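As written, the chain order gives the labels A, B, C, D and E, with residue 1 at the start of each chain.
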Amino acid sequence: MNALGAVFAREARLAWAGGGGAAGPAAFFLAAITLAPLAIGPAPDLLMAIGPGIMGFAALLSVLQSADRLFGDDHADGTAELYLLSGATPAWLVLAKVMGQAVATLWPLPVIGLLGALMYGVPVETALVGALALLAAIPALSLIAGFAGALAAGIRRSGLLIALIATPMMVPVLIFAAGAGRSAFEGDERAVANLLLTLAVSLGTTALTPFGIAGAIRSRLG
Amino acid sequence: MLSYFSNPQRFDQLARVLIPIFGGLALVLLGVGVWLALFNSPPDYQQGETIRIMYVHVPAAYMAMALYVALAVASFVYFVWRHALADTAAEVIAPIGAVFTMLALFTGSLWGKPMWGTWWEWDARMTSVLVLLLVYLGYMALRAALEDSQQAARTGAILAMAGIINLVIVKFSVDWWSSLHQPASVIRLDGPTIHSSQLWPLAIMALAYTFLAGWLVLYRLRSQALRRRARALQRQRDQLARQREEAVS
Amino acid sequence: MSSQTQIFPDMPALCPETLCVSGLSLARGELTLVRDFNLDLAPGEAVLMSGPNGTGKTSLLRAIAGFIRPEAGTIRIGEHPPTIAAAERLAWLGHADGLKPGESPRQALRFWAAMAGQPRKAILPLMRALAIESVIDRPAGRLSRGQQRRTALVRVALANRPIWLLDEPAGPLDGGGRARLADLVAWHRSRGGSVIAATHQILDWPDARRIDLGTHR
Amino acid sequence: MNALGAVFAREARLAWAGGGGAAGPAAFFLAAITLAPLAIGPAPDLLMAIGPGIMGFAALLSVLQSADRLFGDDHADGTAELYLLSGATPAWLVLAKVMGQAVATLWPLPVIGLLGALMYGVPVETALVGALALLAAIPALSLIAGFAGALAAGIRRSGLLIALIATPMMVPVLIFAAGAGRSAFEGDERAVANLLLTLAVSLGTTALTPFGIAGAIRSRLG
Amino acid sequence: MSSQTQIFPDMPALCPETLCVSGLSLARGELTLVRDFNLDLAPGEAVLMSGPNGTGKTSLLRAIAGFIRPEAGTIRIGEHPPTIAAAERLAWLGHADGLKPGESPRQALRFWAAMAGQPRKAILPLMRALAIESVIDRPAGRLSRGQQRRTALVRVALANRPIWLLDEPAGPLDGGGRARLADLVAWHRSRGGSVIAATHQILDWPDARRIDLGTHR
């Protein structure tokens, strides 16, 4: 097994260790979409209208939740130094790390997003488009969260800072991903375009953020 | 050129000349601009007297973005060449940019009440300026949270460079999102669509804002640079004293 | 030397490397810690660095590893400055052990073996050399301080790299642990490796050079 | 200064140290209410209808964000042991700690909640009632978040666990607080009743959770 | 003893207290660590506990402080089991120093003085006694390991409590630091205080009782 495969596998293993695993973000997502109607009220047409949007918003928040530990733990326990001296190209290494965690823990989000949208009374096709959009958005969301997490690693109450840094950068993904669901709901043909745009943003993020993350890790060791 | 002015002494000389020039120009242009905007320009045939808010609002919105560009450029210069001055520049630009952003939001919502009947509308342009404010706040919060000044400088630079993506969002948000807001009417490929009686005061106000921001940035930059140097001198003195002590004992 | 065979004879050969620090000055915040520091480290050599608390031992090691940018002076590992290219020649033990509380030594060491491209079969002999083979499957969070430190030392040895940078390797070790650390270092040196360690303990590593950073200043 | 006063003051100071302070939860709150419309869409009547609910929901999430550090840091850096040996009654001590952080960092939430509601097009009186409800909900929210934080202290990705533990317990507060805003919006006279209920839940929480938190801290040291 | 006046003569008097451990057995997971352990500690006494890594020194100290519930046996501080009432008689130094990275020693120690109801004016003399008065305003996150440890030792002394439980107090200390620790302990004992320390260093505290937990087992 080469170094990157090892990082990927370890990150996935650590994400599962301690019983959390995929349950973590999924549970948060579930909690958020359960609480929202309690706050907003039970009116069915209201819920139906906001359904696709709330799914995107809640997914974004779930991804943010685990961001502070991803690189913060490495910073605190001395692993960050070891990674930098490992000889692996930092950008590849962090990509493997983020993807390891994302693959291990974030796959339930589209599924729950689908179910949740149905529970909000959203029509099936719309819910399906929304779930696909979530799937396409996950790489971008988790890499941006990882970037913010690497910048704020080891800072007291980094969770808040991470949220503040990451959310503006997540705006385009959110607009396109939630937009896909909404256009589908309104019977608008822009749904596919939005879906493709989400995918494009994810690809772009995958190409660029690893360098940012690697730079951030290094700058935080100085 | 860059490395030429990164020398602290030379920068100080330059700043001492530029600060009064910028300040003076800002004052004069603001005076002329306000006079033109408030008294010497026609009311709009659609918007009436409220058009006058435009002369305060549009330049503020433009400065909010221009200052972010400046912040990102300064960060890039620091990141590549490690000129301490570039980092100080980034440090002082951020709060000034945030203030202009808040001004744009504030005047925009003042304008929105008579025009659209609400203080705030979740329109793409307005929302994205709000997001720009968050970007400034995030940058300042990150810097403040990092105690080590070198870490703050490098980490902040990385964030500022990445944040340039938000300008793209501000610029293109209108196309992505359905919008109430004016489409771009000044900076267009086929020339401005705005009437010249409005264009002139607007241009002068924009220039005035630019010099005002330049004056603020240079002024704070110089005082920060002086403070840094004072600290360095103090350090030198302490070290000399310590060495003398060691030599005696 | 006999310790070589004692520990793990099948370890792939080491590529010896030199380290050269010249005219190094380090500052942290307002404080100048190290001024005009010079050090040459040839393959097979060991340096024991001591000095009062807060003189800059840790900072110096971090500078050599490339984590801190020096004020002045140069650091060369072979021909390279401490960059990623040179990083592959270094093995690092910092104040923190780099262990994850939920991961057992076996899992962690397998991971680091894969990262360094070294064979897994070296893990068990090295664990034995540090007398912690009995805790190999216990989550690191439950190990005692000394057991954690020993696990980190195994990680250092496992990477099979020529230059070891050790920051207080023996702090939490008992007498037996210190002896085993000495054996490990002797084995490493016999293979052409070199070591710089910052320490407050009196470690008797045969013919190690001793630097007192406090008097150097 | 007695021991509890010292804990309160220190916690407030630590919350402000490092530049974050009150800006943290406030900024997160602002980010959340800025993003929601991007996901949900700009339709004014939709936003007006969900305004009061979204404020309650976002406030809940902001409080949750800082929960993992409140007791997690103490657990990691050895302060928890020192607190238990300090001789101060643990329940009082943790109450002082949670309140110190809440007073230092959460006071902007009602203010931003008011502004946010106005931005969502909610009428002024409704927005005011909503802001009052947020104020009344803050003690309950922060104590429940603290309880979950103490239970999960030192666990990897504790943020997620905390959200899972805390959200079900926060349901009543959320229902009453968001309910107050909604009833005011609908011109319903239950607004005042909801406000009082929120306050009652906060008082009950203040009386009970400190014991839970103290027990949780002790059990996590074993 | 002269060290008393050297350190801080105005410290309020100490209320001496006895510690009695009898028939103690400790288990962690599947493992029985300590079996039928007995210890009596009178005011003024010091115990230096050594033993191989992983024998249970830390676990024993944590049991005495009441953090771990023993399998069998009793622990009495004065007449009390280790509960909150008895906790007020203990001062604790664990592996972690209990410092917040952003807080300076001055801020932290003022806080702990208030918690213990002790006067602030003891802070400076104690910092001087450990030779760290020069870093009193530097955020703890930037202090060196040894400086952090010394700050934690000041916190222990500041609480003015009769029984000190110290887990590897000297690990990151330099030679001077160890001597100053010895002085601090001598001062504490001269005031009627007692100390149990787990350590791998050879600390020469005059007439301290030495227990080897390894052979005890």
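Note that in this section contacts are C-beta pairs under 8 Å (C-beta built on N, C-alpha and C of every residue); 3 or more make two chains touch, one makes a residue touch a chain.
This one's a predicted model, so the numbers in the text were calculated from it and none came from an experiment.
K.L.:
In this assembly, which chains make contact with subunit C and also with subunit D?
P.N.:
Both-contact set = A, B, E.
K.L.:
Taking each chain's centre as the mean of its C-alpha atoms, which one ends up farthest from the centre of subunit A?
P.N.:
Result for the farthest chain: E.
K.L.:
Could you work out which chain's C-alpha centre is the most distant one from the centre of subunit D?
P.N.:
C
K.L.:
With contacts counted as C-beta pairs, which pair of chains has the highest total?
P.N.:
Greatest number of C-beta pairs in contact occurs for A-D.
K.L.:
Using mean CA coordinates as chain centres, what's the gap between subunit A and subunit C in Å?
P.N.:
37
K.L.:
Hey, how far is the Cα centre of subunit A from the one of subunit B, in Å?
P.N.:
Measuring from centre to centre gives 32 Å for this pair.
K.L.:
Hey, what residues on subunit B touch two or more of the other chains?
P.N.:
Subunit B, residues with two or more chain partners: 131, 134, 137-138, 141, 145, 147-148, 150, 177.
K.L.:
If I count partner chains per residue in subunit C, which residues reach a count of at least 2?
P.N.:
Within subunit C, residues 29, 69, 95, 100, 102 contact more than one other chain.
K.L.:
At which residue positions does subunit D touch at least two other chains?
P.N.:
Residues 14, 17-18, 20, 24, 27, 31, 34, 38, 73, 76, 156 of subunit D each touch two or more of the other chains.
K.L.:
If we count contacts the way the header does, which residues on subunit E are in touch with subunit C in the complex?
P.N.:
My answer: residues 28-29, 50-54, 58, 95, 135, 142-147, 149-150, 168, 171-177, 200-201.
K.L.:
Which residues of subunit E touch subunit B in their complex?
P.N.:
It comes out as residues 101-102, 139, 141-142.
K.L.:
Can you name the residues of subunit B that touch subunit C in the complex?
P.N.:
For this pair, the touching residues of subunit B are 148-150, 231, 235, 239.
K.L.:
Contact residues on subunit D for subunit B in the complex?
P.N.:
Against subunit B, the touching part of subunit D is residues 18-20, 23-24, 27, 30-31, 34, 37-38, 42, 44, 47, 118-121.
K.L.:
What does subunit C use to touch subunit A in their complex?
P.N.:
Counting only subunit C, the residues touching subunit A are 62, 65-69, 84, 87-88, 90-92, 94-100, 102-103, 107, 111-112, 114-117, 155.
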